[in-house]
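These are the structures, in structure tokens.
Note that chain A is present in both complexes that follow, paired respectively with chain B and with chain C.
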Partner chain A sequence: MNLNIFFQQLINGISLGGVYALMAVGFGIIFNVLKFSNFSHGGVVAICAYLGYFLATRVAGSLWITLLATTLLGGVVGVLVEKLVFRPIRIKGRPLTYFFVNSITVAMLVQQFFSALWGYDYYPYPEFIKKTALHIGRLVVSKTYLMMLFISALVLLGLTLFLRKTKQGIAIRAASSDIWTPSLMGINTDFIISITFFIAGVLAGITGYFLGMTYTVTPFIGSFILKGIIAAIVGGMGSLTGGGIAGVLLGVVESLLIAELGAAVTPIVIYAGIIILLLVRPQGIAGKLYTIKA
Partner chain B sequence: MAFYAKVAEVTLLYSIFVMGIYLMTGLTGLFSLGQGAFISLGAYTASITYLRFGFPFPLATLLAVLMGVVGGIIVGLPTLKLRRDYFLLVTFGFSEMVRALLLWTAQLTGGALGVAGMPKLVGLPMIAVSMVIIVFLIGNLKGGRFGRNCIAIRDDELAAQSMGVNVYGHKMKVFVLASVICSYGGALYAFNIMFIEPNLFDWLESAKLIVIVFVGGLNSLSGVFLTSILYYTFGEVFRFASVWRDVILALLVIVIVIFRHRGLFGNWELSLRWLGILPSFHTAPRKGKD
Partner chain C sequence: MLVVENLTVCYGGITALDNVSITIPDGKIVGLVGANGAGKSTTINTISGMVIPSGGNVKLDGESLLIPPQEIVKKGIVQVPEGRRIFPSITVQENLILGAYTLKGGEKVEENMQRMFELFPVLGERKNQDGGTLSGGEQQMLAIARALMSDPRILLLDEPSLGLAPKLVLEIFNMIQELNNRGLTILLVEQNAQKALNISDYAYVLETGRIVAEGEGKRIAEDPIVKKAYLGIEE
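Up next is the complex of A and B:
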């Protein structure tokens, strides 16, 4: 691989990795608070991709308005999923297995619902940004990718600030280490969980919009969550920073592997790598190992 | 008549897969979204060794089962010692990996075109006999010491461990056994349907198997069996409505998990004790925390 292609793929990989990072953080923030793997995040991503498509083609023609609307609606969808599906079993104090089952079921429900409603057709987003590119030296950077990278970075920065500086953010971090103790300190955990799902939904909204824009909208778009989950595992489950970094890394590794080995072998190499990584260093990059506590 | 025989064949085939999942998810509480990969592995191993290398059918099936063992050990080794989430996520990745692998090795597997041309060597009698043996096996496991240990692991891993149950060993055995059942079922599938392709069993198919177990009830083998029979027969008979079938199933599951978390059949087991010859698979209903 010559240097030119290397840098080209590096830049593409970082932009794609930004989207993976958003997914990993959205997945990780719920894992942090409720301690279960939230597969329904993929479902919310898929709903948002369709919402974004609907808004962009039927309602408004502007990129920024539709992106913002999709993002906010994504948050609402996230909260709705929590209230309808997870809150009833949380109130009844069911074990974690039932959270698993419900989250898998939601992912399945969304995929099958869209398949049944609109079939396996592909829906392309309208072109907001002319397919122009910036030329930096000999590198060609697509404007869409640049915008994705910029927004992803901005959102992750904003989330970090939110978690560190605001009262609600600090409450979320407190709930991450223990869900019961904060409720003794006068924190409304129910509200905090809703906020967490809202944030995850917002992240899913952005992810869904970007995925719909770079690829096309199909019922299977929720399966992209696998990349976010892999990033979350590599980063160390529950470490948001680790997940974000691992997401970018995964995007870069994927792009470079595709350039070097081809698109067919890349998934095989990546998944085999994950199995080996778990054998050698199960706690991931960030070194946070979740074990079962009494 | 041929139509009903076909429906029965497909229903029983899928019920074999469901039984494998019951052992793993229902009894031991292990969630795998990768059982579809084991079905594919079994189906591909059997049909390729039969077609390309001319192995006889029994040997091809044996190889498919061995493939299930190897795959189970490779996936189980790094993940079963960790939290259940890792197992769930890695099996999900494993199923995508197998799919990519089957597409990539197109020289051998035919890639996206799939494999066709297997003779129909597996009929209803063979599937039915396999089914009975597997149900009998799992029923006995459930009633015995091993199964009770598994249920203890499912309900509280830490407590089971402190009572001297070898958690890792049990999980490994259960996972490998479930993988074997799935790959065996896959081999039967290949020689009954006579066509396989890489996308036949994706994560969604694995998720459906899990979901059926939860509808039937974790503590009720007969209930899960009945649910599975009902679901797949319904799907084959009402093909026109099949797109909405999974939507209804998914909604049903959410309602059941919320309002009746022990499943439709609860602790009920079909008892054949009145016949005087067959044992009952019933274990005493447990009290307290679920």
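Up next is the complex of A and C:
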């Protein structure tokens, strides 16, 4: 691989990794608070990919407006999923298996729904950003990728600030170790959970839009969530920062390996590497354990 | 005045509280003692709205308190739960910020936080440390400080001396009296009965969900029958 290709793949990898990071964080934030693997996140991503397509082709011609609208609608869809699917079993105090099964069911339902409705057509997003690439020295960088990278970074930074600086954000972090006690502080846990699903939905919205833009929209676009889940696990479940970093790493490693080894071998190398990493460090990159002292 | 009226609580088939009535007058320390499983935490959790009773009522100044837990905090009734339950993965300072969740305005929060650091200097020294890194005694102080952050009227303390060294137990009990002297009304649940009764203005003895004795704290503490039968204290 010559140096130019290396840097190009590096930049592509970082920006693809940014999308993986968004997914890892969206998946991880629900896991943190409610302790179940939320596969319905992939369903929300798929819904948003179609929503973004619909908005961009039928409603408005602006990237920023349609991206923003998709993002906010994603948040709303996230909250709706929680209210319709998870809240009822939460109120009844059902075991985590119910949540897990329900989340998979939602993902499948969305996939089957879009398959039945529009399964045989491809839905390419309009070209908002001219394919003309940016030339930096001898490097050729796709403008779309740069834009994606910039927005992913901005959103993750904004989320970090929210989680650190607002009392609702701190409450979300507190709820991740104990969902029962915040009520004793006058915190409405139901509302905190809604905010969490809104955040996950917003991240799913951006993810869906970016994936739709990068690839074409198909009913199976939600299965990209696997990359996010892998990043979340590798990063260390419970650590959003770890998940974000692992997402970027995954994107970079993937892009570089594809350039070097080809698209067929790359997944084998990556999955084998992940199994080894988790054998050596089962808590992931940034996993941490706390104890309550008696 | 906080009044618990003929409270009955069932968990599934088990009756945890059976017709329990307790009165907590303003400005007093009321003790609630009893053995493991007597229903002390259940009483406190029902007052806090965490447990829904199957009969009876909880009233604050005559007004029914059967409302969600977050609304009860807004009425000025705050619990320090059994086993502290501080948040381990956020900092001491952030734990305190959550204690003040119901307050409006950052200035008040900041002011209360400074007051807590004066009351518990060790918390000030450790304000940027994660809660989970504190020692057991420090975690208990954090739990009490967190509850005080919202300027409560009535503090419900569930076994604040649990697992603490004797010297620290004394400190915590002195602190409880000091808070009461400053006007805070307190319901003190303890298995460490002797000490709790000594600082209680009035006390109740709970046995398997029923009140079996009540009276002035010191009198209950000295009543040989109560001592022997319910508190496991032999002369």
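Just so it is clear, the second predicted complex is superposed on the first by the 287 of 294 C-alpha atoms of A that agree within 3 Å, B and C clash if a C-alpha of one lies under 4 Å from a C-alpha of the other, contacts with A are read in each partner's own complex, and residues count from 1 in each chain.
The working rule: a residue touches a chain if its C-beta (ideal position, glycine included) is under 8 Å from a C-beta of that chain, and two chains touch if they have at least 3 such contacts.
Quick caveat: nothing in here was measured; it's all calculated off a predicted structure.
With both structures placed on the common chain, the touch criterion links A:Met237 to chain B but leaves chain C unconnected. Of the two partner chains, neither chain B nor chain C is touched by A:Val202. Of the two partner chains placed by superposition, only chain B is touched by A:Pro282; chain C is not. The larger set of touched chain A residues comes from B, when the choice is between chain B and chain C. In the superposition on chain A, contact of A:Leu257 is made with neither chain B nor chain C. When the two complexes are overlaid on their common chain A, residue A:Val101 makes contact with chain B while staying clear of chain C. 290-294 are the residues of chain A that lie in the contact sets of both chain B and chain C, per the superposition on chain A.
Chain contact summary for the complex, chain A toward chain C: residues 167, 170-171, 173-174, 176-178, 180-188, 288, 290-294. If you check the complex, the residues on chain B that touch chain A are 29, 31, 33, 74-75, 77-79, 81-86, 88-90, 92-94, 96-97, 100-101, 103-104, 154-155, 157-158, 203-204, 207-208, 210-211, 214, 243-244, 246-247, 250-251, 253-254, 257-258, 261, 290.
Listed in rising order, the residues of chain C touching chain A in the complex are 48-50, 68-70, 73-74, 78-79, 81, 83-90, 94-95, 97-99, 101-102, 130, 132, 134-136, 139, 146-147, 150, 162-163.
Every residue of chain A that touches chain B in the complex is listed here, in rising order: 31, 36-37, 85, 88-89, 92, 94-98, 100-102, 104-109, 111-113, 115-116, 223, 226, 229-230, 233, 237, 264-265, 267-268, 271-272, 274-276, 278-279, 282, 289-294.
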